[in-house]
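Every chain is named by a letter (A, B and C) in the order it is written, and numbering of its residues begins at 1.
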Amino acid sequence: MAEVFFRLAKSPLAMFGLAFILLLVFVAIFADVLAPYPFQKQNLMHSFETPSASFLLGTDEFGRDILSRLIYGARVSLQVGFIAVGIALVVGGMLGALSGYYGGWIDNAIMRVMDVLLSIPQTLLAIAIAAALGPGLFNLMIAVGISAVPTYARIVRGSVLSIRGMEFIEAAKAVGSSDTRIILRHIIPNSMAPIIVQSTLGVASAILNAAGLSFIGLGIQPPYPEWGAMLSGGRQYIRDYPHLTLYPGLAIMLTILALNFLGDGLRDALDPKLKR
Amino acid sequence: MKGTKGILFLGALVLALLCLTTAASAKDTLVVADQYDATTMDPIAHNDVPSSRACYSIYDTLIFLDGEGKVHPGLAEKWEFLSGTAYKFYLRKGVKFHNGEELKAEDVRYSIMRATTDLGAPITTYSQNVKDVEVVDDYTVIVHLKKEDYSFFSSLAHSWGSILNKKYTEEAGQGFGMNPVGTGPFRFVEWQKNNRYVLERFNDYWGPKVRFERLEVRAIPEPTNRTIELETGGVDIAYPIVHNDLKRVAENPDLVLYRKPQTSVTYVGFNMTKEPFTDKKVRHAIYAALDVVGIQAASYRGVGKVPNSLVPEAIKYSIDSEVPVHVQNQKEAEKLLKEAGVKGLKLQLWTNERKERVDSATIIQAQLQEVGIESEIKVLEWGAYLSGLQEKTHDMFILGWVSTVPDPNFAIAGLLESTSGSNYTFTKDAKIDEMLAEGRGVPDGDARAKIYKDLQLYINELRPMIYLHNDESIAGTRKNVKGFEPRSNEIHSFREVYFE
Amino acid sequence: MVKYIVRRVLFLIPVLVGVAFCVFTLLYLTPGDPAKMVLGDLATESAIRDFREKEGLDKPFLVQFGNYLYKAVTQGDIGRSYVTKRPVMTEIMATFPATLKLATFAIVIAIVLGLPCGILSAIKQYSAFDTVTMILAMIGLSMPVFWLGLLLILLFSVYLRWLPSSGFDTFKAMILPSLALSAQSVSMITRMTRSSMLEVIRADYIRTARSKGQKESVVIWVHALHNALIPVVTLCGLQFGSLLAGAILTESIFAVPGVGRLMVESIKARDYPVVQGGVLFVAAAFSVVNLLVDLLYAYIDPRIKAQYR
């Protein structure tokens, strides 16, 4: 573990990514303390203000402080990103592990279902699920999460397959460990590397996906600030007040960028073969 | 060397293509940017404004209404009211359909009776009272109604009253809505869904011929894109123009901005079947808590105004200008809530995705909180919204209503008559039903005026809804486009447009 | 080889049946009654009943699905649009050309930009060019397409006035949407080309070629590139497939009348036959492109050919 971190620390981009994500997590947790104003606080006399001392990033069409909304938006976006990936990981990981470990008809059945889901483009699948469930934060997480399940199922299955035949698994079987125990204690920990990398990148694509859904109106409810929804709400004013869309756009981009840097760095750190 | 030549040649080709595409849009084509595409061009299979606009170019109706609501002869040269339930129409002779057939009385009978079948389900409000259409001879018909209804006649100018060619329509069957034939000044050329439809001048038109060759209507949902296209000359007419682009269009020397009050109302409805909104005091308390003028101003920013009555000012017998403007009164709101015995009220406010409505909901939420009412906003996509409303589980909701036919009956009945399918407040009030029936049975005049004025006051007192906004039809055109004026019912006409 | 293709094509059938079932289930769960959406809120009870009966919406879920499948398999009939009353296939075919054009343009841009950048980056590893390219590629990957779209409109349509922001009928109007859509692919192709080149350059046979005294440019352009391109070609194919399917946001920002927008509009209008047919079509196109990519892969890489028998 320490070795991995050491290798990770050698990449400045990955460290930048990690620092940015940690900062974001900090901001999200302490949003109530950090935000200068409540996110829903309207001040119609001060709408569309450009950045100033009292409103550091200006105000939106209701005179709400954009900085405060971005700060609370970090909470929403990170929640969506991590929980959606969590859902995908738990469901997909379990299916993948079962599939890879048992093989045979179980493998066949599960993977055919995953093939079906994989052949529907992820955005379209997420839109269809979001439309079926209705709007809201929780439904958004489910829609984004479920649409990512097959990706994780495949990855976990792949790494389980590569581990299954190894000697220490055979040994565990020989001493009479139960299947559940083998899966939980041996197989999953040993297939962590690709999963960690994929999850980091997956959080990025989940945040992007959620922002996209919010952008076309299938996301979360006002007055809660979600970056994609802020972007969508400000686009009508893009010619007069570009700061309404500039900051949420930047926030999304930087977050995704940070996660991608971190994911790349992790891949290199966890897989020393690639780095020479 | 050879390679360079090839690249040069390719470059020239691209340039030539670019020039060609610009040259093709020379000034015999009128390009219009609409917000949404039509859903169908079958005049009775829809009840939405973009489709009605398309129909208005392709078809004619028996009578026409001008921008001021005055009746003019259309396919009928003249008419007689035989009784309260029988209208006789004398048809114009020699009128040609786009397929070359001549207009006969049988076509009129076919068109109107077709609207009373299930094909016409979306427009039953208008057609439900038709009993029969009697063909007297090839150029005379009598429309018989089931009961007296003085709002019916002017509804014949609505696109539902478009006259179709019986032979063609029957042959076309299900494909009719995508490949229409009418008698109108434009004939159908092509339609690419969600993008644009193209019509061309019909040279055998019976009336004044259109002064340009082609009409191209493009669907551009993004307001910013519509305005940019207008500014750069990509389109000649664009609507609607949103509030933050008003100044830009008005101050641009190449463009002209047109504004006209609309016969529409946006309202916040209460679910009249659900506690505690069954209590009139609660409804009035919520009304008192809201600064509707401020909400309207902040959400619509200089477009339209706050209505004082359900019947928009542009419709006859409206009392809009006689009722004082509402003033927010939080003390009154708290007092009324106390009297009603309601404490710690929590409610849901529903709306669809239209930006201004979401904006209004967001401000309403903040203002209700100031009198201790907690509200949760639910933004629903249109299909889920309507089906949610039909389930009667909502508390309060924001919705709009357009009176395409300028008669007070249509402004009220669709929203508040107990039998109406679009009565989402689920108001069931015997007095309203009674007065609506009475109003329909009386010819225009002082007696009819009094009924509708009393009814409007009664509705304000009952307060099943809070009026938020009377919209405006706002359009922008290039300066060289003449003869265009937006209509208050949004069925804009291109029949008189020409280029200077 | 033929046997392999046949097997893969046959394998598509259960996948598509599965897709149809998925979509059916989702639409069944979606709130909103199509009859009321199509006929409007003024429709009479009897009209709604007739509509539901005619479209089979009154039947139990599995019966509806069975009927759909039966008609699709035996008659190739996937229904008519509730709204336009045209066959679903006609609706899809009316929008598919726009999507195909958009995806083709985007992939061409991606290859034209991505390949040379990737190759140069690899040759000059750790140079300033390499660093800048890699960071730009990362930014391209991280850019939400709807934000990039807005920025492009702001720059090229509003400020510079060079290009129109909507419409898809002229060459000029296609530039901005294609650019916005291609950003992700450009980045991916650049990164893939670079890493694949790097791997090949270090390989033994390249060292052999070098040691035989061949010119460096020959080594790079002939030996290395040929082998490095194999995974890149695959990636291009996969990207093309996902561009075909994933243009929904781009299409709605630039008002492109493509399949993606048709899907979103049809979901909103509860035009179920079009949604079902559309998703099925997209899934089929996606799978066919992937199959072609696999075949191409086998064709250009003789090592793999042996496996496909």
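Criterion: a contact is a pair of C-beta atoms (placed from the backbone, for glycine too) under 8 Å apart; a residue touches a chain by one contact, two chains touch by 3 or more.
Computed from a predicted structure; not experimentally measured.
Under the stated contact rule, the graph of chain-to-chain touches is complete, every pair of chains being in contact. Of the two chain pairs considered here, A-C and A-B, the higher C-beta contact count falls to A-C.
Separation between the centroids of chain B and chain C, computed from CA atoms only, is 38 Å. Averaged Cα coordinates give chain A a centre that lies 22 Å from the centre of chain C. One simple way to say how far apart two chains are is to compare their mean CA positions; for chain A and chain B this gives 43 Å. Touching two or more other chains at once are residues 30-31, 153, 158, 252 of chain C. In chain A, the positions touching at least two other chains are 131, 134, 235, 238-239. Residue positions of chain B touching 2 or more other chains: 222, 224, 381, 384. Note for the complex: chain B touches chain C at residues 14, 17-18, 21, 39-40, 46-47, 118, 121-125, 174-175, 177-178, 192-196, 218-222, 224-225, 228-229, 232, 234, 381-384, 386-388, 390, 414, 420-422.
Chain A meets chain C in the complex at residues 13, 112-113, 115-117, 119-124, 127-129, 131-134, 204, 208, 211-212, 215-216, 228, 231-232, 235, 238-239, 242, 245, 249, 252-254, 256-257, 260-261, 264, 276.
Residues 40, 42, 44, 47, 61-62, 131, 134-135, 217-218, 221-223, 233, 235-240 of chain A are the ones touching chain B in the complex. Contact residues of chain B toward chain A in the complex are 222-224, 242, 244, 248, 294, 298, 353, 355, 358-359, 361-363, 365-366, 376-381, 384. Those residues of chain C that touch chain A in the complex are listed here as 14-16, 18-19, 21-23, 26-27, 29-31, 135, 138-139, 141-147, 150-151, 153-154, 158, 202, 242, 245-246, 248-249, 252, 260, 263-264, 267, 275, 279, 282-283, 286-287.
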